[in-house]
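Notes follow once the structure below has been shown.
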Amino acid sequence: MIKVNQLKKSFNDLEVLKDINFEVKRGEVLSIIGPSGSGKSTLLRCLNFLETPNAGTITIDGLTVDVENVKKQDIQQLRKKSAMVFQNYNLFKNKTALQNVTELLIVTKKMPKAEAEKIGMEYLAQVGLADKANKYPVTLSGGQQQRVSIARALALNPSVILFDEPTSSLDPELVSEVLQVIKQISTKDTTMIIVTHEMDFAREVSDNVIFMADGYIVEEGHPSQLFGNPQQARTKSFIQQLNEKH
Amino acid sequence: MIKVNQLKKSFNDLEVLKDINFEVKRGEVLSIIGPSGSGKSTLLRCLNFLETPNAGTITIDGLTVDVENVKKQDIQQLRKKSAMVFQNYNLFKNKTALQNVTELLIVTKKMPKAEAEKIGMEYLAQVGLADKANKYPVTLSGGQQQRVSIARALALNPSVILFDEPTSSLDPELVSEVLQVIKQISTKDTTMIIVTHEMDFAREVSDNVIFMADGYIVEEGHPSQLFGNPQQARTKSFIQQLNEKH
Amino acid sequence: ACGGNEEGTTNEGSNQTEEKKVIRAGATGVSYPNSYKENDKLIGFDVEVLEIAAANLGYEVQWVNSDFSGLLGQLETGKIDTIANAVAVTEERKGKYDFADPYSYLGITIVTHEENDQINSLEDLKGKTVSGVLGSNNVKNLEAYDKNGEIGIRTYETRDGAMNDAINKRVDGYVNSKPALLAEINKGNLPLKFVGDPFVYEAVAFPFVKGTNEELREALSAEVQKLHEDGTITELSIKYFGEDVSKKD
Amino acid sequence: MNFDIGYMFSLIPEIMEYIPITLFMAILAMILTIIIGLLLTFMRSSKLKVLNYIATVYISFFRAIPMLVQLFLIYYGLPQLFPVFTKMDAVTAAVIGFGFKQAAFASEIFRAAFLSVDKGQMEACLAGGMTKVQAYQRVIIPQAFRNALPATGNTFISLIKETSLAFTLGVVELFAEAKMQASNTLRFFEAYLAVALVYWAIVVIYSFLQSKLERLLEKPYRT
Amino acid sequence: MNFDIGYMFSLIPEIMEYIPITLFMAILAMILTIIIGLLLTFMRSSKLKVLNYIATVYISFFRAIPMLVQLFLIYYGLPQLFPVFTKMDAVTAAVIGFGFKQAAFASEIFRAAFLSVDKGQMEACLAGGMTKVQAYQRVIIPQAFRNALPATGNTFISLIKETSLAFTLGVVELFAEAKMQASNTLRFFEAYLAVALVYWAIVVIYSFLQSKLERLLEKPYRT
């Protein structure tokens, strides 16, 4: 479903991704963990070409692109296959919560407005925000904005969803709600990649976990394996910190 | 140290804070938990008049203001007694990480530039960002920005620090580092109010926890008490969700 | 009270020898051949008439260049004493200004493109369009002449616009004073020809704000008469226009 | 000074008859300004070096050349090079001249306005599968518009007054009419004040409409 | 058309002698514009209704009145009402006139620029104990400046050319000089093109400096 091969990305002198390789099967959930600044967001952003990688190949849902020879249409295709939940939400500032959800449906899926609004309201309800449908982003709390951005991505019903810390400003009640929603979706064949700092969350939803550090994938495995019995020293110390916290 | 009495705040028709009363002693740490949209951020923002409350009195470090008859100088005084870490960081976009930390020292504390930079570098090092001192916010990852904003607040060394979800985009390694920093500070007599969704974090640092919902403080108590044996039904269900998650 | 005496403020309280009286006068500097610049010097017919007259009366002329409305503003606020720029004497203007005696007469006439063989007399202009310049008073005269309003008139901000549209055949005629037209055609080798004789003549004189500079105005009137008589103005006229415009024909 | 206030007021109705031609030219020129201005803005941010270069030269040229000179060259100069332009009437020439020039200024305004839109907005559009064109249409331009409106309003108001330069081409609009009236009577103070009052009325009405529009655009940002 | 290119070039040095007076007026007026423009912007966002109202009227008035009329009234009208103004020389009057007018336009530009700065920036300043004035000085104005620069550059370039209106007060600057030279030869095309070239050179140099400054201001936003 998703295959990333020898992906590299630098910002000027700073090599953020040095050689990234991994694979996700259809319907699987991959979690990415790692220290702040290790390039997790950058990796997600490379997958839909919000950052242009320097080298490597990316395959999503049958479409393989060599990042050094990529055509505009390929990028467009890749993007249509995925949806993204941003670390800082990036809600459309001039649109209400509902319009934020319907906008992409109307524009990229050519859905009639009425239908889009029906779907939009469903997803807003799912994230507990039916009553804020007509509010603009500035008047929403942090958690509310994040939920709208999750609803926006879910409503697109894409083959892959990329989540960048989707639960970071959600309270525990909501985390479990959103988790329900994500689980429910993952039973359809939506594939998901989730960058997260919440180990419990990662443990619960993922089929696979990747630990990133210093531009490489240090370790990869089933959550029970990676959290329970990490192999690499770097992973061990990270997981240890995590367990100490509890 | 901090005393809040009958505080009320509405946005147009929406009554967000209906009647808030609480007290924090010098050097204590208060955590505020509660569902998304319950008014936690609004409460913090009322304490330094980023939002003007509709009624009530606020006392910080000996200075009591009646919010309905507040003078400009009083607001200025209140603000000088506190520092704030914002939910969305609010770093000064046109300044480097280091300048973000030194700016307030130079302007509001009239500190010589060299001294401010020395202190700034210390705090940046403390949050693990000494090597990013000369980078601008746009080139920092989410967690890096959050750490700069924490360093900015800590460097001011105020009598009260208001944290709005300070650890939400920090990975566990950093959470424990920041926790160290916060603990270290709390041994001086800095008082802290922390809005957080991370129960473990709250449990570890706080002397007291407030659970907010629907505009009221539903329950207040020592963390072991509030998390272990909540009294109110609303609190119980919130804590239960939290425990289920684990 | 012309500005002349102000010069005296710089003296050292001694005497009034060599004190030059001054006339402050305005000209647009863009009205060939009445006032224009050659190299760095302001020259032109009206300019020279005033300078000679002033010199004979013991005055020195201080020039101010501005557009026509600016000159009137300066005149009205006493920043200049008079204007030497083909200011025509009309009844309306006499209500506001006192004029010295006329130093020239402008025959107002019309030119058309030299390839135009349909317009040979003023009669042929009926139903056609004629261009003219704002503030020149020529347009006003043409309107007065064309009592039944049979000629279309287009007014332009500046002379270059009115002239160029005649050259580009966007209009059928261009109205201006004959001397100015003559000078323009000769200088620019323009493809324009005269349509008949001038239909009206206008006197040109130096205007003064009512009730000020009475002495100077009278002295200038007398001096202009003298210059008419001794042929100086005729000479200047031929130099600048190629014909004598110093008297009504 | 003998200021004839009665004369001033008597001029106002005469001047007002020329409001339509003034607005006609200003509005057409404004439309041209916005179209070409946007085009230039996109050209300047284009990856194609040629487009970028053309836009840069266009902008520097049309910002530099005085309007009067430009009108003169278009209306009197062009026909001498290409006789077909003799057919162009003065109003057309003026509208084209105003539009071409103000577009250069507008493109600078638009550039700043686009920069003021948070980068994350474009990213959210692209990641959601929109093309760049769709993103501009649906999200970026509406947000940039709020930033561009005050300076664009400046441009429109300047245009309204700038139309008076069309007098160089023989087009009489309200300022020219006032000057013509004044040159008969030499009462420039009265005529100029009358003109100023008429412009003021137009600007007050326009500003009122703009502030309504601004309130609408501000809605999503009001807390 | 017989275009005399030699004559055109021969005019350029004569015109260039007037660059200092042109720039002198434009720069002084620009300084005035920025000072008054900022003042107006703050007045408009002030809570004091009176200040707000004064600023609104000022802006609508000075945006409406044609520059020519304004210069005329300042230089010729004011002394008649208040004789003390007789002492004011033409260049002073022109600079004041240009500055007062452009300030009204600039305040609109500044208003949009301030709006473009994220609200969180002001909040971070205030929460950190800065006064509003400090916040503006240290954080808000520097960020708004980036947004205001392109449109402010427009204003400056307009000013450079607008100084030619000072001719109505008897100040001869480069455009007036060119017109006077041309009236001698009736070679308006040549003179106008010569003027355009001189302006172009000035604008190109200015634009170069502005783009340097922009690059500097962009630095924090470049990824």
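Letters A, B, C, D and E mark the chains in the order given here, with residues in each chain numbered from 1 onward.
Note that in this section contacts are C-beta pairs under 8 Å (C-beta built on N, C-alpha and C of every residue); 3 or more make two chains touch, one makes a residue touch a chain.
Bear in mind the structure is a predicted one, so any value in this text is a computation, not a measurement.
Shared contact partners of chain A and chain B are absent. The chain with its Cα centroid farthest from the Cα centroid of chain D is B.
In this assembly, A is the chain whose CA centroid lies farthest from the centroid of chain E.
The count of contacting C-beta pairs peaks for the chain pair D-E.
For the pair chain C and chain E, the distance between mean C-alpha positions equals 35 Å. Note on chain placement: the centre of chain D and the centre of chain E lie 17 Å apart, centres being C-alpha means. Per-chain Cα centroids separate chain A from chain D by 46 Å. Distance from the chain A centre to the chain E centre is 50 Å, each centre being the mean of its Cα atoms.
Residue numbers of chain C whose C-beta contacts span two or more other chains: 69, 73, 76-77, 160, 164. Chain contacts: chain B has residues 11, 88, 138-139 touching two or more partner chains. Those residues of chain E in touch with two or more other chains are numbered 68, 72, 76, 80, 146, 188, 221, 223.
Every pair of chains meeting the contact definition is listed here: A-B, A-D, B-E, C-D, C-E, D-E. Per the touch definition, chain D reaches chain C in the complex via residues 1, 72, 75-76, 79-80, 86, 90, 165, 167-170, 172, 176, 179-180, 182-189. Those residues of chain E that touch chain D in the complex are listed here as 1, 60-61, 63-70, 72-73, 76-77, 80, 105, 108-109, 111-113, 115-116, 146-151, 153-154, 157-158, 161, 164, 175, 188-189, 192-193, 195-196, 199-200, 202-204, 207, 221.
For chain C in complex with chain E, the touching residues are 26, 29-32, 36-38, 64-67, 69-70, 73-74, 76-79, 160, 164, 184, 187-189. Per the touch definition, chain D reaches chain A in the complex via residues 118, 120-121, 123-124, 126-131, 134, 138-139, 142-143, 146, 219-223.
Against chain A, the residues of chain B that register as touching in their complex are 11, 33-37, 41-42, 87-88, 128, 139-144, 147, 164-165, 168-176, 197, 199-201, 204, 238, 241-242, 244-246.
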